[in-house]
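Each of the next two complexes has subunit A plus one other chain: subunit B in the first, subunit C in the second.
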Partner chain A sequence: MKDRNLRALLRILWNSFIIQVKGVAISDYYIATILLQPVIFTIISIGTYIVGKRPDLGLFAITGTGLISIWNGNLFTSSEIIRDERRSGTLSLILATPTPLIVILLGKSFANALASVVAMGMTFLTGIVAFQLPIGIADPVGFIAGLALIVLSITCLGLIFGSLFILTRNAGEFVSVANFPVYILSGLSIPLTILPLWTRPLSELLTPTWGNLILNEAAAPSGASMLPNYLWVLGLSLVYLVIAWVLYRRIEYLALKAGTLEQF
Partner chain B sequence: MRASLRLFWSGARASWSEYLVELTPTVFLGFRIPRTILQSLFFVLLAKAAGGDGLARFALIGNGIQIAVFMVMLSMEVVIESEKWNDTFQYLIAAPARWFPIMLGKSMSSYGDALLASVVSFAVLIPLLNLPIPLVSLVRAIPIILLIVASASALGWTIGAFSLPIRYGYMICNWFAYAMMIFAGVNVPLASLPPAVQFIGNLLPVTHGLLAVRAIINGASYRSVLPQVGLELLVGLAYAAAAWLMFGHRLRVTRQRGTFEIT
Partner chain C sequence: MSIICTENLHRVYQTTTGVIRRKRKDIVALDGVDLAIEQGELFGLLGPNGAGKTTVTRILATVLLPTSGTAQIFGLDVVKDARRIRPRIGLVFGGERGLYWRLSGRDNLQYFADLYKVDPAIAKKRIPELLELVGLADRANERIEGYSRGMKQRLHIARVLIHDPELLFLDEPTIGLDPLAARELREVIRGLHQSGKTILLTSHYMFEVDSLCNRVSVLNKGKILVTDTPSALKQAVANLEVVEIECFGIPEALVARLRAHPAVESVNVEQLDQSQLVQIQAPAGAELVQAFLGILEGVQVRKVVTRQPTLEDAYIKLVGKESKQA
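Up next, the complex of A and B:
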């Protein structure tokens, strides 16, 4: 019985993933976002570092911008998924099915996060083409493994927001606010050392902070051990999943109790 | 003239009503204002990390104005595009009234919103980052900031008018507004950019106005920045003319063919 449940769960995850991949593949808006945004942000970031006579931070700016694009894509699409289901009139139907909406959201969000990895490639390409930066990744295997883990972790973080988006029609507005604090607090393109010390605990709670450290270490090793950073990413992913699940159950309860999603 | 003023007033009232519906206090205080501050803060911190307080001050002036430019460009594109999505485009064609006063009126709340964004951005970030930008010199720059916002709005209108038959006007305008940060010398001095980027920047709104604003804030006289102000005005008028002609063309074509969609 349990085996059958697991197979059903995986099938749902897979189908959600595939349907989202198909949606992404024909979405001009999404494709333009993952292709154009990294280019613009990379040019601004590296350009600013070069003018500030800190070209040594070029690679740091590139990985940071790549993570910005991955986070942005994930957050943006988490809101889009819920909004599209709401506008299609299918959100209530999905919420009423025995399959938890969060499972569908997980499959779809992962598809988006995976697609947004293209953005990381775009940032490197921009650095090479526009600034002729000598970019080499010292540990490509470590970089790819780290990137895969971060994509998964960012998907888990996105699930928390995705659950909250069920309760609001202002998800678009929320997304426009929620991305910049993460860029700043996670030190994406900006060294954490310029932030006040009191922000450090907040930074530690965000998985892009640790992901950024992992990617930078893989790109240009300093000899520091990355094990604690990997453990942070894994631990935070689990915490995000638990928060998202508890939050989702509460929201599901509120929606079922109200008997409608129209009031949210 | 009176009819035009009435149309303008009618458009402005519609614009204000829509603004109040969309921006509830929760959305305004919880989302719009924080977004304004955080976007500018990110780019100013980037400049601080790259070049210390000097470059951070430079970026703060640029981003404090860019946030208004960003918002006004998007809003102006929406003013044009919303005629399509609200199914009111055909009324603009059919009505004997002139379209320009009403469209200008419909843009009014966006101007207010953009200027408010700029004020909030400066009011919060100058004390937060403790950067030396005297209030008096900032006040002296207000007329030029208004000119910049007006010329950027002309670019937003132009993009809206050109992209009316397609569905990606907002997206195009969004990326254009971000790209302005590169070409207009918002984060870094224009002179430090490659010649090709400078050439494009000189053809865009904001670039010349921003140079004038920086000079005024650094203590220059109005007379000394007149050439830059003149260029900003010229560029703004050129985009306004392009928007006027293109939107008029869209109306004419739609009247002739019965559709504005590209077939």
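Up next, the complex of A and C:
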């Protein structure tokens, strides 16, 4: 029985993933978020370091901007999932099925996260083509493993923000604003060392902080052990998932109470 | 025991008005609805726009919470036991929404089969059968954004049957369909009922409810006015006849004078393309046509017809009386 349930769960995750991939492949919005946004962010970021006479921070700018793009792409496309469900009138129908909404959204969000990895490629390409930065990755396996883990983790973090879109169609403004602190506190846009010390605990609760260190270490090794960073990412991702699960149950109840599922 | 049972069901929506000084406003959608629907029934919920039909359907389908009162399905509470109810019910909303437009008809069915945790072997067999049932077998692999409205509605029916639910909620399933497509869909609904499904059908097409349903509740302004069989409802207007006068530009004051006529039961004005159709219910054999035409003196009249009342007239009488009292 348990085996059957697990197989059913995996099938839902897989099919939700595939449906989202089919949608992403033909959506202008997703393509713009994943392909164009990273180019613009990379130009601004690297340009700032060059003007500030710190071209040595080029690699930091590339990985940081890549993660910003992944985070941005994942967050906005995940919120778009709920908007799409509202627009197509399927939100209340999928809610009326025995499958928990978070399972459906997890499969779809992961598809978005995977698609947003393209954004990392775009940042590298922009750095190489636009600024002729000599970018090499010393430990490609470590880089890919770290990237895979952080993509999964960002998916879980994005689910927490995405849940707000179930409650109201106007969550976009809140998410747009809440988006910035995540990549500032994670040290993706500016080095963590220039942030006030009191922000450090907040930074440590965000997995992009640890993911950024993992990617930088893989690209230009300093010899530091990354095991604690991997453990932080794994542990925090589980915490995100539990928070998202609880949040979705609660928000689902509030949306049913407010009767806002069909508004778009 | 009733398969659906509601007691004193209320639902209030909250909205806001104004931009700077926003005021919260309560809109009463349901005002004490009591329903009891038996297993195997094809039960109709009739009412004008905004009567509360969709709200009842959504509450029963576990996608909206009632403000107060209770609703039970299969003896289970729709609020507390929603997760146990959901695998046993199916929900169709009218209109084109509710499907994944970028997917094919077959993929839509497959996805909903997964969400309802239908065994893959059963889904593999059932999907082609359902596509055949709704006449979409030859278009099953096309993206549904290219489907006509009628095809999408038929796919909705296939979708709702994918997990073989005992109870179906069909919320205005034929809305916006051309007459042929609507007739085909009604035949499918009739077939489902004959196969043993319990169905709650909401509609504002009287003939649809008349031809399909065992029993009907008429809902207006969130309240049930009457529950009976279509023939019993028609019986309530059996001693009446309907005078239909098609005219051009009838002033509201003259409609009020018609309503004030002591023999008139109700008056309904329907806007046609360029004219108005005034439907007057009056006692049969009262020979009141001349009196009505006298009231309409000066108004250009195109056609006058006297006919037997239908379920629609029973409905107009009920809803009209309620509006008059309000």
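Criterion: the second predicted complex is superposed on the first by the 252 of 264 C-alpha atoms of A that agree within 3 Å, B and C clash if a C-alpha of one lies under 4 Å from a C-alpha of the other, contacts with A are read in each partner's own complex, and residues count from 1 in each chain.
The rule we apply is simple: a contact is a pair of C-beta atoms (placed from the backbone, for glycine too) under 8 Å apart; a residue touches a chain by one contact, two chains touch by 3 or more.
On a predicted model such as this, the values are computed, not experimentally measured, just so you know.
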{"item": "Touched partner set for A:Ile104, first subunit B, second subunit C, both or neither", "value": "second"}
{"item": "Which superposed partner A:Leu256 touches (first subunit B, second subunit C, both, neither)", "value": "second"}
{"item": "Partner chain(s) touched by A:Ser92 [first = subunit B, second = subunit C, both, neither]", "value": "second"}
{"item": "First (subunit B), second (subunit C), both or neither touched by A:Ile62", "value": "neither"}
{"item": "First, second, both or neither for A:Ile190, with subunit B first and subunit C second", "value": "first"}
{"item": "First, second, both or neither for A:Gly47, with subunit B first and subunit C second", "value": "first"}
{"item": "First, second, both or neither for A:Ser176, with subunit B first and subunit C second", "value": "first"}
{"item": "First (subunit B), second (subunit C), both or neither touched by A:Ala8", "value": "second"}
{"item": "Complex contacts: residues of subunit B adjacent to subunit A", "value": "26-27, 30-32, 34-35, 38-39, 41-43, 45-52, 55, 59, 168, 171, 175, 178-179, 181-182, 187-189, 192-193"}
{"item": "Subunit C-touching residues of subunit A, taken from the complex the two chains share", "value": "5, 8, 11-12, 15, 19, 22-23, 26, 88-90, 92-99, 104, 253, 256-259, 261"}
{"item": "Partner subunit B, residues of subunit A touching it in the complex", "value": "28-29, 32-33, 36-37, 40-41, 43-45, 47-49, 51-54, 57, 170, 173-174, 176-177, 180-181, 183-184, 189-191, 194-195"}
{"item": "Contacting residues of subunit C [partner subunit A, same complex]", "value": "11, 13-14, 58, 61-65, 83, 86-87, 89, 91, 93, 95, 97-103, 107, 110-112, 114-117, 120"}
